[in-house]
Structure formats: C-alpha cells, structure tokens
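Two complexes, one shared chain (chain A), two partners (chain B, chain C).
Now for the complex of A and B:
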C-alpha cells in the first residue's frame, strides 16, 4: 500500500485525535491571537454607543445549551455593554429548549459585575413564552398581553421599568441571540412590520443567511459566531477599562479565548482538506 | 359529518388566513379589523402551545412502538421516554407547587427548583455534548468529501478555504498582519453569498405564499387528513 492509498483511507480516529488535541491545547495554553473588527459587529457596537440611560434595549434569548459556547459570550458582551452605559434592559426567551436557562445564566454572570443595577428599574427578566411568531407579533401591540408577569411572578404593572414600555415603539433596539429560525423572524417579520432596529447574534454556521437581511437594512448588525463575539469583546476591552478587568479574569470563558481553539481547529481541518486533495489529485494523475 | 370534517375546517382556515391579510391593508383606525386581528394573534399563541402536546403524543407513540417490537436502538427510545416522563412530572408538580416541587425556575432565595436543577445539570450538558461531537464529524467529513472533483467543486472548495481562513486570526498572520483575507471573506459574504441566499429566500417565500393561498381558498386539503374520495 503506497502513501497515497494510506492517506486516502486514513482511519477517521486519527482525525478525531487531532481535533481533540487541537481543541484542548489552546484552552490549556492560550495563544492570544489578534482580533480584527468587521463592519457588521462595529455597527451594533456603535448603535449601543449612541444610546443612553433613558433608552430601552430588549434581549431575546433564542438559543439553547447546544450552542451556548458561541452564543453565551456575545450575549454577555452586549448585555455588559448596555449595563455599562446605564441602558435599560428587557430580557425575554423564545427558544423552547433551554432559552430561559440561557437567559438566567447570562444575567447571573453579568449582574455579578454590576451590583448597582436594580431588578425592575434597570432591567427586567420576563422569562419564556411559547408561540414564537405569534408571540413576537403580539409584543408589537402589547408586552403585557404576552408577559403578564416577569420571570419571578411580579405583575408587569408593578414593575417600574415596564410602566414606560408598552410595545416595540418604546424600544431603541432588539438583539436576538439565535440558533435557529427565530433570529430570521426578528428581521423579516418584526423589523418589516414594526420598524424596530434589529441586531442578531447567531452561530457561525447560520451566519451566511443573515447577510441578505443585513444588506437590505432589515438588520443593523450581525455577530456571526465566536468570531463576532470575540470582536465585540475586543471593542469593549478597548473602550471600557472595567470590561478589561472582567475579561482578564482567570477562569472566565470568553470568545477571545475560544478563538484560539477555533483558529487551531480551522487550521487542522484545512490541512486535512489539503492533504485529502493532494492524495486525490495525485491518485487521479497516476490513473 | 361532512360539514364537521370538511366544510367547517375549510371555513375556519379561510377566515384565519384572510383576517390578518385584510387587517394588514386596513387603517389602524378601523376598530373591528384590529379587534379581530388582536384576537386571532392571542388565539395563535394558545394554539401554538397545543403543538407541544401533539409533539409529545407523536414521540410517545413512535417510541412505544419501537420498544414493543424490540427494534434496533429500542433502549434509546426507553431512555428518551423515561427522561421525558421524569422532567414532565417534575415540571407539572412544580407548576402546582406540590411538596418539595415549588415552581419550575429559581426559588425566592435564589436556589434551584428540582426542574431547574434537571435543566441545568442534566439537559444542558447533554445537549452541549451532542453539539460538541459535530466538530469531530465535520472534520472527518471535510477530509473525505471536500475534493476538487470538477470546476464547481473546486470553486466551492476555494471559497470555503478562504472563508475558513478569513474567519480566524491565523489568516491575517500568514499575510503579515494585513487583513486581506478577512476583507475578501466579508466581500464573499456580502455579495455572492447574500445574492444566493436572497434567491433562496425569495423562492421559498413565493412557494409559501402560493401554498398559503391554496390553503385559504380550499384547493390544498391534505392538512385535513381526509381519505382520497372524501
């Protein structure tokens, strides 16, 4: 058996081994690659920068634990950015398989660094509601009709922040962290009908489809996968000294740290693709 | 009987389809159309919840059948049913606040209810594990399937290679820190990719619109589950 045949019929367990090592090593020994900023991420950052304490931003947690390594850092970073600027935040979850747990966990991670932020005044967590498209449309008429109470059972009319938020008209931005189609509905349904600015943070694998909405102006920006999240973290670190201290903390999972593993894995996969093609083309040349 | 099985569902479907369209084109000042639209949207939220029940019935039926016939992988079916039953029981007991099951989220003192504990420490790690396995299979599949067999496959291969490199800092490093690959990746995403995506979306939207129209006017009846001659 010559080397070509050996390479063509490489046992996939060797590939698995390389992927495992390529993931584990950068996590254990961070490399710290440079992060460059792309326009879709910069646009979201600039939009949040243009808002202040009198403005309201809604965060929709439309993903589950399966994609949390990609979506968690972007949710944490944008939430951190809004709270740093004193922007009022509404949190909801529309993804049935764990969305509300993701929202709980993100809030608890970020709020630990903002002891001055008060529930009901600076932020409100409305929990999960089923119905997806119907729910999203109805929020355009009345938030209270969809969420009569918050996550902790407090009636909406007793929550100071919600007294001035009736529907999308009272929000300056909606950010959806999405793993499936819910992110698209925010762009093609809610932006189209209610004209509220939409930003989406999605997994890298679903990022391509959002570029159509981005180009048409139905979305103001896009956080595509771990790369998008790492860019947002970089912007925060560069402009907010407190954020630098937070992201330098040992033991905190961040997109910038995750990008080390992603860089190595992409390179490993590319090397395997090149090797596979070299063997394929050489084999074809021989025949 | 025919009225209940055919005519009434068709009338309901036509009404449910027409009301939002009519309301969309009418002025918000027209009260009756807005009232109807609001009602319908509220009913949609409730009806959507029933879809979960339909899903549960379907999962139970197919897995019970699998277990009864001892089909390949039946122990997985049994595990699925056990997990679903356990979480549903804890969730329902929590909703009615029975005994130690006080709610389905966090307790007022910040502790976890049994349902929340199951979601965080059983469900979340299991789902994350399933998705993490994809990295291994994708690497293996890319090695075997991504071959420059013809011109189209070669274009796809080169585009994928550029995007993979453009999305990681290493792509910049190999070009001496200049972001050419990242910029080319953004161009690929902004133009050829967006054009193709838009084509797919417009095609799918036209298909959905024509199917909706067929359902509203009663031409498409397969959703009623009728026999061929009914």
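Now for the complex of A and C:
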C-alpha cells in the first residue's frame, strides 16, 4: 500500500502530463465513439428542417476566441444546415472581444462549401454592434436603426435580403452562440418581449442554467458545449451526404473528433479521482 | 505567411501552457500581450463598427436629419468630465441616465423574462397525462423547489420539519452543483482539446507538410 501513500503526494504536473497525453492520442488516432442525440439538440435540428428558402434565420455570434473550440463547431454546423436548405441567413455579433471575427471565420469556413450562396441575397453579415440589451431591444423595432450598414459598409436599403426584414417579426428563428450572459438575454428579454423562437449554443460551463429557460419554453433548443455540437454534426452527417464529405475531411477540427478526446480525458480524471479517494481512505485507516 | 501566423500563435499557446510547470517570464509576456491586444481590438471594433456607422457617418451625411444624435454624444462625452476635478460632478448626470435606463430594462427583464416564466414552469400538474415518468419528474420538481426554498428561508430555525426539509434541499443543491461542476470540467477540457488540436494539426503537421 506504499504506492497509495506516495500517490497522495504526487506532483500535480504528472496529472497534467496524463491529461495532455489523453488529449493528444485521440487527436492523432481518432476512435469514433458513438454519438447519441438528445431532445434539446434534436429540437433545433427539427426546427431548421421545418424552414425553407422563404424563411430568415438570424445568427448572433456572442462569443470570442477564448471559447471558440466549443462554439465554432456548433456555429459551423447550424450555419451549414441552414445554407443547405436554402434558408436566408442574417449574421450579427454582440460580443465585443472577438464576436465579429468569429463570425467572419465561421462564414469563411462554411461558405467555401457553398459557392452558389450570394452575399446580400442569400445571407448578410451585419457585423458587430455594442449596446447589449439596448441594441437587442432596438432590433425588435428596426434592424436598420441598429445596423445602418452591413459589415462591408453597404447601406442596408441597398441589400436585397434586408428589404424584407424589418425586425424580429420577419425572422423564424434566432440562434445565439454564447459564452456569457448575452445568450440568456435572448431568452429572457427578446423571447419574452418579442416572442421570436430562440435557440442557444452555449459553452458547457453555462449549460446548466440554460436548462431552466429550456424547461420553461423560453428556448426551443439548446446546444450544450462540445457534446451538443457533436450531436448536431451527427444529425447533419446522417441526413446530408455533402456534410459527411465535409466532416470526413482530414485535418478539420470537428466536435465529433473532440468528443473522442473528451471521453478519454474524462476516464483519466475519473481514474485519478478514484485513486485519490482510495489513497486518502487508506491513509486515514493507518492513522 | 499563414505558416508564420501559425508559428506565432503556437508559440504564444506554449507560453501560456508553460505556467502549468511554474510561473515564468514567457507566460507573463503572453498574458500582457493578450491584455494589450484585446484592448486595442475592442477600441478598434467600437470605433469602426459602432461609433463610425451609427454616429459619425449619419451626422456627416445628413446633419439636419440626425442632429438628435448629438444628445447621446454629449451624454457620452460628459462621462469624461470626471477626470477634471472642477467639473467631475457633471459625469453623474450621464451615469444617472445610464443607470436609470438599465435599471428599467432589467426590472422588466427579470420579472417578465425570469420570475414569471420560471414560476409558471414550476407549477406542474400531478397527473398521469405524461405517463409515470412525467409524474415522477413533476414530483421531483415539486420537492426540489420546495426544499431548496426552505433551505434559503432563514426566518425560522432549521430544526424539526424545517430542518429535515432544509437537509433535503441541500441534497438537491449538491446535485445541481455536481452537474454544474461536471459541465465545467467538460468545458475546460474542450478548450484544451481545441488548443492541442491546433498545435498538433495546424502547427506540427502543417509545418511538416509545408516542408515536405
């Protein structure tokens, strides 16, 4: 039992090393664990499936680079789904430190697979706007008052898609990819006052509190962290052959691949928790 | 050029990771650089994407039609009078407007968007309409909400029935914290996966490919 005593004084940097190895190996050698679909993710997918080319969906990029490994895959997957169905897309960003850059990068990654999609007609990128709740409320009255121009400086009245989008009434769904409280505001401010359906793709850290909004019907669905994103990717792969080709592409970071590493690391953490407790109890018995 | 960017990003990632071994100058350099770049980015975005299109351009192109924008401009500029000792009290007027607006928004938001819908979703019928599982869920929700509320009720001493209910409330709270902690671990691990994926795929493999 001497090794158990030694375990109690193990340098925590060894644990970091095990976690690093546990992360690196599945990235180098993907395992392909099964992804199961949960109702909150299925609801968003079904909602998008019910829409068509005449409908408008707005994507709000409310996160920055600090959580992009979690939010990027869900943003890419839902954007890809909408464009595959010909749904018109409005992109905005409300997160000050990096939101608009995340939107730029997501659009750039996804649009590469949709050469037929035209800016201003099939999608519009309105860029970032500060003002938080005031901005969000104002969009309920007039999008043009908040965004006089798009990201590239084109006046809104010259953009064909924006001629038929005045405010939230003209949108069938708003999807927020959020790292902080902005995602909550979509549910408890915008849904409550303007009744537009809201879906949120949040980081895992903030997922538990969103379940309250989901349970109360203030959100139609939830993509909780990397797991939620992997489920959406799985739904796309199963139903859209083009998506399968995209997600099979070598070198592409996807949530499904990320979940392999998640599973391995969680196993490593569980083993250390069990060993730590066994060592603690054994040491207490000796004392 | 892209590869150079990947190398810079990878170097900075390793600088931050080096803190796991111990604090060092590389970590502090990367940390300070991040803080500085973030601030510069923030100022640039605010100036280019909000102040210019929503204030400067409308005033420059049609001053007569947009003169009312001078009011928020003055309110905003007035905030900076706090740096002048003789006039620093002026800034309170701007702050009062700012605070007043957001207090109003938040009051409605909290009541209309949180308290009422959450209360409504907690009041669930005890019926078999949703099957036995639905009935069990409703019972758990009822007991959970009630006992957690009792735990936070400090006007009575936590003894007897109140004490028992309070202890059950603690169990519900612990389950909630456990779920939140599990999600937190998952979130942090996701970020690690993202960075290691970048280092392995974009940096190491990307460099090997470009050399070969």
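Keep this in mind: the second predicted complex is superposed on the first by the 286 of 287 C-alpha atoms of A that agree within 3 Å, B and C clash if a C-alpha of one lies under 4 Å from a C-alpha of the other, contacts with A are read in each partner's own complex, and residues count from 1 in each chain.
Methods note: a residue touches a chain if its C-beta (ideal position, glycine included) is under 8 Å from a C-beta of that chain, and two chains touch if they have at least 3 such contacts.
Note that the structure is predicted; figures quoted are calculated from it, not measured.
Visitor: Figure out whether A:149 sits in contact with chain B (first) or chain C (second), or with both, or with neither.
Guide: second
Visitor: A:97 in the overlay: touching chain B, chain C, both, or neither? Say first, second, both or neither.
Guide: Both chain B and chain C are touched by A:97.
Visitor: Now for A:218: first (chain B), second (chain C), both, or neither, which partner does it touch?
Guide: second
Visitor: After the superposition on A, what does A:129 contact: first (chain B), second (chain C), both or neither?
Guide: Both partners.
Visitor: Touching A:27 in the superposition: chain B (first), chain C (second), both, neither?
Guide: A:27 contacts chain C only, not chain B.
Visitor: Quick one: is A:263 in contact with chain B, with chain C, with both, or with neither? Answer first, second, both or neither.
Guide: Touch status of A:263: first partner only.
Visitor: Quick check for you: in the superposed arrangement, does A:68 touch first (chain B), second (chain C), both or neither?
Guide: Touch status of A:68: both partners.
Visitor: Looking at the overlay, does A:273 come into contact with chain B only (first), chain C only (second), both, or neither?
Guide: Only chain B; A:273 stays clear of chain C.
Visitor: Just to be sure I read the superposition right, which of the two partners does A:84 touch: chain B = first, chain C = second, or both, or neither?
Guide: neither
Visitor: Taking the two structures together, which residues of chain A meet both chain B and chain C?
Guide: Residues 16, 19-20, 23, 66-69, 96-98, 100, 127, 129-131, 133-134, 137, 146, 151, 204, 207-208, 212, 215-216, 225, 227, 262, 265-266, 269, which sit in both footprints.
Visitor: Please output the residues of chain B touching chain A within their complex, sorted ascending.
Guide: Per the touch definition, chain B meets chain A at residues 38, 41-42, 44-45, 48-49, 52, 105-106, 108, 116, 119-120, 123-125, 127-128, 130-131, 135-136, 138-140, 142-144, 146-149, 157, 161, 164-165, 167-170, 172-173, 177, 179, 182, 186, 189-190, 193-194, 197-198, 201.
Visitor: Provide the residue numbers of chain A that touch chain C in the complex, in ascending order.
Guide: Chain A residues touching chain C: 13, 16, 19-20, 23-24, 27-28, 66-70, 96-98, 100, 127-131, 133-134, 137, 146-149, 151, 153, 185, 187-189, 191-193, 203-205, 207-208, 212, 215-218, 224-227, 251, 253, 257-258, 261-262, 265-266, 269.
Visitor: For a test of understanding, state which residues of chain C touch chain A in their complex under the given definition.
Guide: So the residues of chain C in touch with chain A come to 20-21, 38, 41-42, 45-46, 49-50, 53-54, 57-58, 101-102, 105-106, 108-110, 112-114, 117-118, 120-121, 176, 179-180, 183-198, 200-201, 205.
Visitor: Which residues, counting only chain A, touch chain B once they are in their complex?
Guide: Checking each residue of chain A against chain B gives 10, 12, 15-16, 18-20, 23, 33-36, 38-39, 64-69, 96-98, 100-101, 104-105, 127, 129-135, 137-138, 141, 145-146, 151-152, 204, 207-209, 211-212, 214-216, 225, 227, 259, 262-263, 265-270, 272-273, 275-277, 280-281.
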